[in-house]
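Read from first to last, the chains carry the letters A, B, C and D; within each, the first residue is number 1.
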Amino acid sequence: MDFLFSYIALAEVYVLLGLSTNLLVGIAGIFSVSQAAVFGVGAYIVAQCLMTETMGFVPAMLVASLACIALNVLVTLPSLRVSGDYFVVTSFGIQLLATAVFINWTQGTGGANGLPGIPPPDLFGFALESNLHLVMLTTVAVALGCLAFRLIMRAPFGRLLRAIREDELAVAAAGKGVLQAKVSAAALAGAFAGSAGGLYATFLSFIDPVSFDLDASILLLTMVVVGGARTLAGSIIGPFLLLALPQVLTFIDIPTTIAASARQLIYGVLLIAFMLFRPQGLAGEKL
Amino acid sequence: MFRSIRFGLALAAAGFLTLATASAETIKLGAILPLTGPGGLIGTQQQKGIQFALDHINAKGGVRGNKIEVVFEDNQAKPDQSILSFNKLVDLQSLPIIFTAYSGPSLAMAPLATRKKVLLVNAGAQADALAKASPFLINTLPTIGDEIAVLCQWLVKNGKKNAAILFENSAAGISGRDNYVTHFKAAGGTIVAQEPTQFGQTDFRPALLKLADAKPEVMLVSITAAAQQMAQQYKQLDLKFAVAGTTFLQDPALIADPAAEGFMHTQLQSQSPPALAAEFKQKYNAEMEFFVRQYYTASNILFAAMDKVLEEKKPITGENVRDAILKIKNFSGLVPVVFNSNTASVPFDLKVIRGGHDEQMVELKAQ
Amino acid sequence: MLLELSGLAAGYGPKTVVSGVSFALEPGQILAFLGHNGAGKTTTLRSIMGLLPLRAGEVRFDGQVLQRMSVADRVAMGLRLLPEGRGIFPDLSVAENIDVVAARNIGADAMFRVPDVYKLFPVLAERPGIRAGSLSGGQQQMLAMSLAILGKPRCLLLDEPSIGLAPNLVERMFQQVREVCKSHAMTAVLVEQNVAAAMKIADRVIIMNNGQIVFDGLPDEARASNFWHYF
Amino acid sequence: MLALQLLVNGLVTGSALGLVAISFSLIYSTTKIFHVAHAGVYTMAGYVAWSLASRGAPDIVTLAVTVAASMAMGAFIQHQLYARLERRRATPLVVLIASLGALAVMQNVIAAIYSPNILQFPVPWGSKMVVLGGVRLTWTQILTVIASLAAYGATIWFFHRTILGKQIRAVASNPFLAEITRLYPQRVYVIVVAIGSAIVALPGILVPLDLGLQPYSGVTPLLTATIAMIAGGIGSITGSFVIAIGIAVLQNLSLLVIPGEWSIGITFFIFVIFMLFRPTGLFAAAR
């Protein structure tokens, strides 16, 4: 059962990230490609807190979430000044800047070598070592995340975010707080990404910059797009499906000389096909 | 909505159904390698090395009559995919032994290996942390530090006291850099400058220029790719200092390039006899390169250890095979490999590139 | 009849904006097409040009049914639109604006060639190298008009041509429109907020409300009618 | 001396980067599509040229065929992918994701055919040295500068002196008016992507001629070029060309004062700050 548990635990971490990305990209219309950077900051903070034994798992998660809220608000600030493609490029820049920090700030992140030996999460003095316990932990986290997402979507705040995405000028003209709404969405997305980072670090017990680079950000985006933007179901299906894909693909017999590229190629084809024929993803709304 | 979720889950679940079922006389091993992505090139070489060794042992009837099979998993050199693959192989297929490569993924799997008593066999990565990561992680090659310590001593002894370091900003490159700094100073030399390059970038000119400005006598190199381009730019810029590196510089394209004339590098001894190399070439239409040889050798070490375990009428478990490796201690395949600990020591040479060939300078021994 | 609309309906997304719009215009006739904001005037013009698919009804031009024709083919037949507020290429110079449009639209039978528009609007000939976006509002509108008539226009659809113009300029420009229409037997549909000025040159008036025609008659009848409460 | 050599090195790298920036800027300012797959066209050009050169084709044939192949590929992507999406009224986000997919497909098809190894051009004259005022340059580097300046001049001439160039600018300036004055925007989009692809074929050949050929190396130059485009003002050919050279020179010269680990990070840091305070670019005309 360990495999199933570890798969579910990992997928659930990505569901949290999917919710975060969906909130920002799908719902608030802030097209960010730097969510993996925020995710990484959460992971490094929790890892450092636990490895230096500064604090326990729960306070560490809290610190990571708060830090990521602040960070995400900061990195989405440019979206208030620049729009559309400008922000995409800014966001690319932020992601690359973060990768440079992850690789080069050796004291904080262990540099390119990463941080091995992160202790397992502990709850009230009880260390969660087995995959079953970890799955229970991530499931609780995801359930909370989904509940929050659902409540927000139904609340007036959710409707305001939708309205901003449809027509920002009209909302601003109607005197609604566009700034406040965007900042709140970014803060919430930051909290999701930060806690996902903490869970990821303690689940893997090893983190390195590879997990938080531009490719990871694009993978996240792909998960949301394939699953379906703007819906809870989409944020759940995408991560589960895309994490399973490499496992499924190992069954397809491809000559080893081209296997290296052939599997990556399938991602590309999937992206194009979804955009052309089903831009709403498997269970989402039209982007 | 729920129907869509169920659809997604069903598709995901389909992935877990394993197709192969083991027959009684088949011993199955696992291999978690980067078969796709930027590490795919090296991963597929490693895969061929294992496959080549498998074909040989099975042609001979297997280990004590038991056929060997290896289940390959792709981790894209990513730690999280490695964990999934590890659990898949250990949990669903109960494989006792898994080949691994790359420092990050190996370090990520090490705690799991300890907990589940599964033997990890690394024949490619050389990061220092691997030596102490897990009692269940066997490294069939020394960590980079051993090679570098000896190289630095030789260089300082031969009058190269001021060194500049060119390193790749990646796990392997930085690990090499750190070792150069430690060991070159320990040997009595001075590091006058160090400069990074980005993995995948082939423009070394700015870094080379800056290093040259510090007037070193030797440039210590720790890059894992594009060594040929580095050599060409070194030549174009008319730089005069000596160049020295580790096994990473044992790259056929580099050695064949006239720009690399006079470059020195340590090299783990790993020759393939001409007949074997020819057979490999005929089978895979590729040269039997370093990583092919490494994983071929590692596979044979495992087969020998498994033979001993079976001889003693014990079951093939990670623990038993590891103990057998440490007990046998000396393996002679393509090269002599000695296990004084989890990490093997392998003799290595100092070579110099002359006229498109690697020439032996001295044989060195790790302390 | 040059331009004939019968039972036209069009809209955006789920919303049908205009329906049941029918009228027919002869060559040389000028129609003042009036109504408050959102009444469906621009929508009607856009569907005549083929920029918006028809939901129902038919558009005929010179006897031909237009539905299956591309925008470019309609332009080639002589249907021209002067779009509201964006009738020029702001990043190109005045001369480049005219050259680019001339290159595509002037054939052997052209009524207006490059020298003709410079003669019609001499102010454009004064500074041909200036960036069009930096012209004054009135000059921009003249340039837009030039671009709309280059080649062989037969029916001009003018969407708010007076926006941002000083009152005396509006008067002069409308007179020019009328002269051009009458001398070249060109039909014009004039969508305007400046109702008084538009009615002065119009041969016929249609008033729209909520996507439907509520008045269709002569300017004098319109003046006498009680439809003014729509404005 | 070091500073001079670094400066010259930056100028060479920058002039190649400048062409990437010009070509991307042309495409973006006209079609408003964030054509990430442009990096794939850039990479493809190098491989087409390599295939021809290694089969002994004369240099001029290699150049002509490569440019033609790039144009065809660019036109194909516009016509078969972007135009289709446009007809379905896809949002910019959908188009961007499809473009990312196209990039993944191109890179991996190349990697499957040619392997991910670094390939070296079999052109012996390319690495011959010239010493100019104490600065050492290869013929390839000199050729890169000459070709870039020539292509820059030709581009300026084409877009300001030919009727087709003016038409393209007209479409970029007001696509709606272009539609109703028979300038055929959809056709112009195909043409402009083809022209951009022809321009990017030059650095696509010249850079690997100097530094070797790899399937995944197109993204970094494209991102840097995008930054140059934005900083130089979207639509300004000269702006993007000059800023691209500026970025490369700065990255080279920055080695004199800061450790190389941080040079990329700092480029993006400056860019993000720039986006916050002057998002319209340095050369942008008042619009």
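One rule holds in what follows: contacts are C-beta pairs under 8 Å (C-beta built on N, C-alpha and C of every residue); 3 or more make two chains touch, one makes a residue touch a chain.
What you see is a predicted model; the values in this text were computed from it and never measured.
Taking each chain's centre as the mean of its CA atoms, C is the chain most distant from subunit B.
Annotation: 52 Å between the Cα-based centres of subunit A and subunit C.
Here the spacing of subunit C and subunit D, counted between their Cα centres, is 42 Å. Centre-to-centre separation between subunit A and subunit B, using Cα means, comes to 32 Å. We define each chain's centre as the mean of its Cα atoms; on that basis subunit B and subunit C are separated by 74 Å. Shared interface positions of subunit A, defined as residues touching 2 or more other chains, are 103-104, 257, 260-262, 264. Shown for subunit D are the residues in touch with two or more other chains, namely 111, 115-116, 261, 264.
Taken residue by residue, subunit C touches two or more other chains at no position, since every residue touches fewer. Here, these are the chain pairs in contact: A-B, A-D, B-D, C-D. Per the touch definition, subunit A reaches subunit B in the complex via residues 1-7, 10, 103-104, 111-114, 116-117, 129, 131, 200, 203-208, 210-211, 227-228, 231-233, 236-237, 240-241, 243-251, 256-257, 259-264, 282-283. On subunit A, the positions that touch subunit D within their shared complex are 25, 31, 77-78, 81-82, 84-86, 88-90, 92-94, 96-97, 100-101, 103-104, 218, 221-222, 225, 257-258, 260-262, 264-265, 267-272, 275-276, 279, 287. Residues of subunit B that touch subunit A in their complex: 1-2, 4-5, 7-9, 11-12, 14-16, 19, 35-37, 40-41, 43-44, 47-48, 72-74, 76-81, 83-85, 87-88, 90-92, 103-104, 107-108, 110-111, 115, 127, 129, 133, 169-171, 173-175. Against subunit B, the residues of subunit D that register as touching in their complex are 2, 5-6, 9, 13, 111, 115-118, 120, 127, 129, 136, 138, 211-212, 214, 216-217, 220, 251-252, 255-256, 259-261, 264. For subunit D in complex with subunit A, the touching residues are 28, 32, 34, 81, 84-85, 88, 90-98, 100-112, 115-116, 215, 223, 226-227, 230, 261-262, 264-265, 268-269, 271-272, 275-276, 279.
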